[in-house]
Structures are given as structure tokens and as C-alpha cells.
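Should a chain be cited, it is by its letter among A, B, C, D and E, assigned in written order, with residues numbered from 1 in that chain.
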């Protein structure tokens, strides 16, 4: 059941496996293991995963990975729970809720801890008196519990208002739906990501806020606790692969853009370049899952059980820590 | 001598398309004139085009060639001026006997009470007053045919087209229906074209009998029936009657022979 | 005197359920015995239960009371030992004439070549050899009926049940078919039960004529026909023949009168 | 004349020896079981309630499977749990609120789909050229995943009541059109001819022949359409909504509350069945002539 | 005898004065337009290609609307753009790869749905008690939004090929069952009786009567089923997949590439139409007796 996407190789100019390995590099698995990795969006934030697959980094570490797109982090978590996939790129909220429902899973590393998201307003809106403008209006955002939803609520609170009472929230499924609703005038404000945001800019809608400085766990590498306990080497190989992919993205712009085109279908070179530029800054060099980036979600969760959890309940940074302390991560960026 | 014909068919030919792109000629060069108030029977061998011709007069059958004039006007489609009793079962299965009988009246906008009363009357006429709430599939073959006749009578058309309407009836019901038909015809002064395969029936009922040749059907001979009216049932045993019967019988038999010849050519 | 009856109906009653939960009795206390190789006709007023009774013998009609024995065994459902020609059109619209005729043979697993040859032979018998590739809707009413007869003959059943099989035929074709039927009957030594509304036909064909009363139908009288066989067509004009006809006619007419009385009671 | 006597006495002997027994009947019934169009008598409780009975059996098996622990309970609820949770939710009014919300969307949308679908289907079946002209669009619309049309719908009618109505409408209307059209095309042509001969106008023929004649197909189209419309309204609520059963299911699913998910599904299914049976009731009333 | 002479001379004069003209025919045609079952002659190019022609007209209107700028172009592509982008994607092989992926899922799933759906539908229509027993499930499944079953399917058969096949199967099978069942139930009971009288076994009656007799309904069930299955496979691919047209559409939609979204939809629709026409071809071959 190999796919067109995963099967066809767009070989980057140079293969990392050809490079001499530093002595502190993590060991590949003794015997290659086939796993399925679920990822929640076809946006460019998943670039490290795609690079790890396209450039053979996964294979180098003995991981034969099938990448499966599963729409939305709750579904990824659900599939993870069912055992149909072994690794899921998902978020704090689903992990917390699954734990509340009785399925323990752990976040092993951060895919990214910064986001590329903006708030747009209708053409009359002004950046200066946003706080006043917001009151009594509607903000369009994604499904309840999603990153968008959290950020929207955060933004409203930042402006001294209460979500839902002061500012209505319109939670909607897809990027296209939200944009359509916004253009139709169903909301005064809306949360958008590239490449939609590029279109909004083109059309002259004012960008009112940029979340680039907000430290939030965009998505993390998640495994079921049981599975992780039984396969620590595999977990380590996956985490290491993604760390190496991050470095590769920074060092090989051309190849990264190629992967973006392939996995997002953005065939306009200029647009792909732009997409690379806005995303490259969100990739953590050392992907620790910080308490702060997790706590943000826990605090804002709509689930009572999740609000009472602590970051340490669902996070395990030990793999990243070991790789960091070996000096290997730093060596990746030295060239 | 300037009598306007009620119906006039002018050299009518009718073909059916076949699968293989060829055509089959069912009726060819059919000429017939029916005057106002006449009772005309059509007889002819099975498959000679009687139903086809009646369909053309009813306006449901496409004419390949020639024209049909009704009251001097070329026929354009169907119309309430012609009542039709089909050879094949054609009652609406989702309507009871009574509802079937009043169908035409309903279309014409006759008020409910009135049309139901009339419907019941007609059902009584055909001896089915006890079956007004039965659906067609609850009636015997002969009963269905009687409902069929009642339905056509209900709209009191000026021209009635009947395609073997009494074919499924037992001899006694049949004679009764023949008498009723003649009575109605006399009362309403309708014009009737009646297809039958019973030569006796044709002679008994008609002013004229049109004898058709085998396919492609055309008029072989038109026999005027000079029997006095009203005609008592006993007339069927009169020598004149039997003479007419024998004559027509002879026409059809010799027709049959000719058909056999033709068949051989066709099947070559 | 210990002749085993081919068919024996023992006090058979048949009712149909009606919408309102009541029942209508179509046949009541029907007793009839048919010997091996006999040709028996059933006549009776329209709606008296002839088709219903034939359906019961065929095994498609549920019997409320009484039993039917075929070769001494109670009937259980349908079977290839009985061939049926239905009153209503019952050809498969998706099969050509030939395909319809060979239907029974196909079911019986007769090889294609063989059954097609046989089918063509039968189509020729009914005068439709030129129409083997026509679909039922491309045939006239009479032609369809002939295909129907051919289909039943094809399986050479030991008991043939024919429900007004020649009703839609013109007089000449009808006589021809009668002769053919008698010829086949003589050759195959089949037993035949034949429903007709033509008393002359019944007398001409049968060893015995079963006359039914009006609904609820039962046997009013059984008339043995002592005419020599083979019977030339001229026999229809013989005094004996006419005597039989008159006798049966009288039975039905007086039946009709009684029915009218009953009707009044029913419709009260 | 001798032979008749023999026969009659034979008949007598048969008749007197075997009183009418019920056996004859059961034999005939064995036979009648094969094939449609046979009349059913009071074969009693079993046959009339066979549908309900199989449901009960299936539910029992389900419950047993659940209790046996063979299935991970975070993926599967059990009938008893569903009833329990469903009862709580009914008490609290949550379920009713959401149900009413959904029903509002559904009835308007599906009502429109039914009326327009039947109308267009009749037209397309009746006027062959029209049918042919629109056939490619019918096929296209039947094959288009309605999900991808959501943004366009949002753009045209926003996200309010009317957008959901439109989704429901679009989801349900095409199967109804197709089935109705098929029904009309397969009418007995004799009957339309009869109507013509009785001087029926086009509209009258439509009403008195096409409509009753294609009713069985129309009803089956409505059944498929109901299903589709329900899917449509639920999907729309799952993606864009502030209420409704779809919203309830999506929310419960995101919270991994499988009992609530199942309660939602069951409510949806029951809703669908209730609506379907009312359509069937209608069919039975309109198709009195078809005994069974 | 006098009267005949008059008539004949009248006939003569009519005959000689008006040669057979084509008018008669067009009159009859006007009439024939109303109602089905009328025979079609070589009414020529127009009627035969009316479907194709309306498609062309609609495409032209669409292109014009797009060019007029009346519709926000970020939500709507135009026929010409679609062709252009479609061509590029075909050249690069992306489209073909995804199409083959989807077709693989579709054919296996729909093939199963068609075979099983027809079979079960025939059985349910034929054996009334069975039909009644299973009817609640049919209604339930027709009314259940398959989307909510996706997680369960994932649970049962994972995320691979078989899960997608199952989705396609579940999406398509129920309308096929329903339509087939309706078709069988509305068979002319006379014909099944005939089969019985000719000694047909249950299976033979099935094959020689139920199947050809309900073919029109089966085909319409297949058409709805094809649509549903296509929607199913696309939806499944949009939500959980490694490839396929649905994946392609989701990807394009997530990245706001509206031209590609439309290319995807068009490919789906064309796929559906191609499959539908092959089914129709089959129907025409099997239903030779219905002229037109």
C-alpha cells in the first residue's frame, strides 16, 4: 500500500547518509522496523517529517516509515489509540483528553514550538484600537480545542476581554470554509495561516496580529505510553531523525523547497520559497517540549480533566536531553 | 351527396422500426370512410394491423404516410372526442373499478358526486356494481374488460374506438353487452368503430364490416350489412345473416391463403 | 372401474382476502375428475372462478379448503408436469418470441441447439416463424397468445392447463389452432383442461364440458360429448353438435338468472 | 354416462374420508414463500415483528461481545451504556436541544429536496430530451463529494441556517431525482397512452399516471435521499456549527467520549428510521392496490 | 350501396389532392413528445447529443462568469484554467498516480458493493420475511453518516488499503440493496408465476425473472451507489490517506490552490461518468427489448 507521494523519491542534491557520521551520532536500529506515522495537516509545518522521509534520514536510522495524512490532531490521536499507527504528530489537547479517557501517551519531542498564524480583520479594522473593535464581534477560528481556537481565545484575553461572552467565536472546519465565511462577512476577524494569509495580504485585508513570538507546542511526536516503553530505541530513532531533518532544512534550502512543493502541491516556485521562509523560523534546533508551551494548552482547555494536568504528566524530554547532551545536535549545525 | 364524413383515412400506411434498422410495414394504403352515427366493424386475420390502425385513429400511433381526417380536420394527437377501449389490459392498477371508470370524467372536471353516480351507473350496466371497490388485480379477465368498456363509455365520446372489447367474455355476457352497446349507440348517436375477431358479432352489430387483408394490412373489401334495426338476437339464425357470415368468412380464408404465400417470401 | 384419475379435485374452495379483512369466496366445493388422456373444457360466466380453479391446479393458487390430487398425489406447488397458458399476457418482455418459447426447455437444461430447433418448430406451428426475433411488445395481441401456447406446448407436459388460449384470435386462425391442438393432443396423449367462453369451441374440442355456476363457482353440470373423433370442422353444423351447444347455453343462461338474484343479496 | 358416475363416487369417497384439513394450506404456503406478490395471511406475530426481533437479537449479541471484553471499551460502547448515557443526556436536555437544532435544518432542507427532486425527476423521466440534457449533470452531482462544495456554499449563503439547509438539500436531492426519473421511464407505456386517449393534459397525465405509477421508485429515492440528507446535515454540523447532533458527535469524539458518540449516532439513526417509516406509511396509503 | 360509392370518391379526391407529406409526421411527433415509451426515430444529431451540448453551453457560461469577475476567483476556477492546470498535472504524472491509487480502492470496494448489494437486494426483495428482518438495518445504515464510522473502521481494519476498500463498500452497498429490493418487489407477479409453472427452481426464477425484471432499478441503484462510493473513497482519502485524488484535493484545498481543487473534482466526476456510462452500456445490452 505504498503511495504515489511516499513512493516516488525526489532525490535531494546530496544524500546525508553519504556524509561521514560524527562519533556521537545516535545508532541506527539493529534491524529496520516498519511503522506508520500519522500527521494532521498538509501545511508546511510538517516539513521535518517530509524531509526525513524524502532524504532517507528515516531509513538511515532503520526506520521504514509510512506517512499517513489524518485530518486533524484529534483524529491522529484517535488512530494512535487504536494502534493503527505507531507514531502520531499531534498536540497537547488530544493527548490530555486521551489520557483523561484512559489512554496514556507521551510527547517525546516538539516538531515546532512556534507558529505561523495571523489575525486578519475586515478592511475597516485598524491595528491601533483593536481592543475596542473586538467587543461584540465574531471571530472565525478552527474547531474547538484546536491550536487556532486556543490562540484566538488567548488573543481575546490579551485584549482584556472574555471569549464567547465579549467576543463570539465561530468554529469552522477547513481553511477554505473559514476564508469563505470571512469574505462573506460572517465574522469581523479571523485566524489564518500561509498560504491563505498571502492571499489576504494581496486582497488588502489588514493583518492585525502575528503569533510568531508566542511559544506554543505546534505539534509533538507522540507515542502510546505502552508502546514507547517497549520500543525506546525506535522512539529514539524517530526523534533523532526529525532533529537531523530540522538541521537539513536549514542547511539545504533548495531540497526543502522541493519537498514543500511535493507534499503541499504548491507548484508556484515563488510561493514555495515564501512558504519556506516563513516556516524555517519555527523549527527548534533542540526540540525540548517546554513546560510553557504545554501549559498554554492545559490552561485553555475546555476539558476540566485536562486543565488539572501538569506538563510532566504527558511529556518526556529524556530522549532529546540525551541527544543534546551527547553534543550531536550542536554538531549538526556546525558546518 | 355532400355528407361530411365523420372519419376518413386517406391512404394510410404505418411502419414500425425494427432493431436492425429495418422497418416492418403493419398497415399500407388503408382507405376507409365512416359517416356520422355509423357502426363499423373491422375484421381481419391476427396481426393484420387492426390495433395499429385503431391506434392511429386514436392519435397514439404515428402514421408514416397518408392522413386521417376527423370531422374534416387532420388528426393531431389524442382527444376526448374519441373514446378508446384497448385490446391489452389497460386499467390503472392503483385505482379501483369505480375510480377507473370515472377517470375520464375526473380529467374533464366533472364534480365528484356527479361522476361517482355516473360511474356506479356504468358499473351496474356492465354487471359489476358489487365490485366498485375492487382493484383490477382482484377482478377476473372478463371483469377487467367490462370495466374497460365502462370507462370508455363514461366520457360519452362522439367517436368510440373499441379493440376486441368483448373478447374475454362468456357467450351470454357477451350477447348482453352487445345489446347494451347497441342500445347506447342508438341513444347517444355515437359513431362506433369496433374491432372483433368474431365474424358473427361483426355482422350482428354493424352497418358495415371492413375486412382487412393480412399484413401489410389494407382494406380487402367493405361489406354493407343490410339488416333491419333494431335487431333481435334471433336474427343471428336468419339466412341473410348466415349469408353475410359465410361471405366474410370466405374473404378471410382466401386472404389467409394469400398470406401463407407471402410468408414464404418473407421468410426466405 | 379402478381407473386412476389423472386429476381429481375434492371439494375445493378458494377464497381471496379483501382489504377490509373480509374474504371473497371465488370457488366453493368444486368437485371434478379428469381421466388420463381426456380433453375437458370448463365453461362458465365471467368471474365464476375458472381462472382461479386452473391456478389452483397449476399450484400457484392457494386452496382454502379441500384438496387436489394429481396422479393420486396431493398437489404441492407448481411443477413441470403441468403446462400452463395464462389468460393474462404473461410473456417475458425481455425475451424474443423464440426465447420465450424455449423458456421451459432452458430451465430443463435442454442443450441450446436442440431447444432452439424445437422452439422454431413450434413457432412455425403457430404461424410465427417470421417473428422469432420480435419482442412481445412488437407482436399483436393474437400473436402474443400464440407464442404463449407454443411456450406451454414446448415442455410437453402430461397435463396441459389452457386459460382461454385462443380468445384473441380471429375465427380462421382459431379453427386452425383448434385442429392443431387436437392433433397434438392425439399424438402426445396429453391430458388437457381448457377454459373457454366459446361454447362451440368447448363442444368441438372436448370429451366432456364442465359447466360452472356463477360465483362462488362450483360445478353445475358435467356434459359428456359423444361425438366421434376425429371431428371434421363440418361437425359444427351437425344437429348433435348444435344440440349440445343449446343445452350448455341453456345451463349458463339459467345460471345467469340465479346469479342476478344472488347479486342483489350481496349488494344489500 | 357410466364414466361420470364412477368419477362422482370416487369424488365422494375422497371427500368423505378426508375432512378439510389445514395441511393443504401449509403446503400452499411453503410454495408461496418463493417469489413476491403472494398474499400474506395472519402468519402471526413472528412474521410481522421479525424486523423488531432481529434488532433485539443483534443488540443482545453486541452487549455480550462488549461484556466479554473482546473489544477495547474506548472504541465501542454497549447498548446498555448507550441507554444509560442517553437517558442522562435526555434528562439534562442536551440531547433534545441538539436534536431540535438538527431537525430544523433537516426538515426544511429535505422538504425542499423531496419536492424539487420529485418534480425534476418526473420532468426528466417524462421529457426524454430534458432527461438526456440534464443527465451528465445528474451523474456529475451524484459523483461530486459534497464536502468540497462547502466553501462555495459558505461563500454564497454564509454559515447560517440557510447554508445548512442548502447542504441538506444538495445532499438529498440527486438520488431522489435519479430514482424518480427511473420510475417514470419504466412506466407501462399503455397507461400513459390511456391517459392521452382520455384527453388528459400533460399535467393531468403527470399527476394521474406518472406520479402514482412511479411511486415505489420515488419512495425508494426518498429513502436514499433521507440518508444522504442526514449525512449532509450531520457532516455540516460537524464542520461548521454551534449546535446540532453532528456538533454533539464531533465534540464527543474529540473528547474521546465514545458513549456519547454512540448516543449521537443512535439518535441520528433513530431519527432517520422515524422519518423513513413515515415515508413508508405514506407509500402504503398511496399504494393500497398492492396487497401485502 | 350508394353510400360506399360516395365515400370512395371522397377518398379519391382526398388522396389525389394531398400527396403524402411529412407534415403528418411532425404532428404526430409533437404528440409523441409527451410521455415515455414512445419510439424515437433518427431525430438526428440534436437529440442524440443534447447531453454533450448542454455541457458545452454550461462550460461556456461558467467561463464567462469567471471572466466577468462576478465570483471571487480565489474560490472558483474556470474551465480553461482547469484544463491548463490539469494538463500540467497530467504531464508531470501527479494526476495519474493519484488517480490510479483511487481507482484501486474504488474498484475493489465498489465491485464488492455491486455484487453483494445486488445479491442481498435480490434476496431481500424475494424472501419477504428476510427483507422485513433486515429492513431496520438497511434504514439504519442508509441513515448513518458514514463519516462517524471512520474511526471504527480505522479501529477494525487500520489505515491501509483494506480500510479504504471497506469505506467504499459501505458507502455504495446500501443504495444498491435498497434499489434492487424495490425492483424485485415491484416485479410483475404474473411473470414469477409463469416461472413457477415452468418448473423453475428458486435460483432459476431468480436468474430468469428477478434479475432481468428488476434490471432498471438495479442500474439506478448502481448509479447512486457509484456516486456514494466515489464520495466515500474521496472523503476517506481526504481524511486519512497516503495518496489518491481525495488526498490531492485535500492537499490543494489546505494550501488554497483552487485550480487544483477543481481539477481534482473534475477528475472525480469524469471518473464517475465513465463508470456510470459503462454500467448504462451494460443495461442497454441487457434491456434490448425496451426500445429507445
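Here are a few things to note about the model shown:
Just so we're on the same page, a residue touches a chain if its C-beta (ideal position, glycine included) is under 8 Å from a C-beta of that chain, and two chains touch if they have at least 3 such contacts.
Computed from a predicted structure; not experimentally measured.
Counting hops only between chains that touch, subunit C reaches subunit E in a minimum of 1. Summarising the inter-chain contacts, the pair of chains with the most C-beta pairs in contact is D-E.
For the two copies, subunit B and subunit C, the CA superposition rotation is 180 degrees, given to the nearest 5.
Subunit D has its Cα centroid 44 Å from the Cα centroid of subunit A. Centroids of subunit B and subunit C (each the mean of its C-alpha atoms) stand 26 Å apart. Residue positions of subunit A touching 2 or more other chains, listed in rising order: 78, 82, 174, 176, 179-180, 183.
Multi-chain contact residues of subunit B, defined as those touching 2 or more other chains: 16, 19, 59-60, 77-78, 88-89.
Contact with two or more other chains is made by residues 31, 72, 75, 151, 155, 193, 195-196, 238, 253, 288, 291 of subunit E.
For subunit D in complex with subunit A, the residues that touch the partner chain are 72, 74-75, 150-152, 154-156, 158-160, 238-242, 250-251, 253-258. In the complex of the two chains, the subunit B residues touching subunit C come out as 16, 18-19, 43-47, 50-52, 87-89, 127, 129-130, 133, 138-143, 146, 164, 167-174, 197-199, 249, 252-253, 256, 263, 266-267.
If you check the complex, the residues on subunit B that touch subunit D are 58-60, 77-80, 82-84, 86, 88-90, 92-96, 103-104, 106-108, 135-137, 155. Listed in rising order, the residues of subunit A touching subunit D in the complex are 74, 77-78, 81-82, 94, 97-98, 100-103, 143-145, 170-174, 176-177, 179-181, 183-186, 303.
Across the interface of their complex, subunit E is touched by residues 1-6, 8, 36, 38, 41-43, 66-71, 75, 78-79, 82, 84-85, 174-176, 179-180, 183, 195-196, 199, 203, 263-267 of subunit A.
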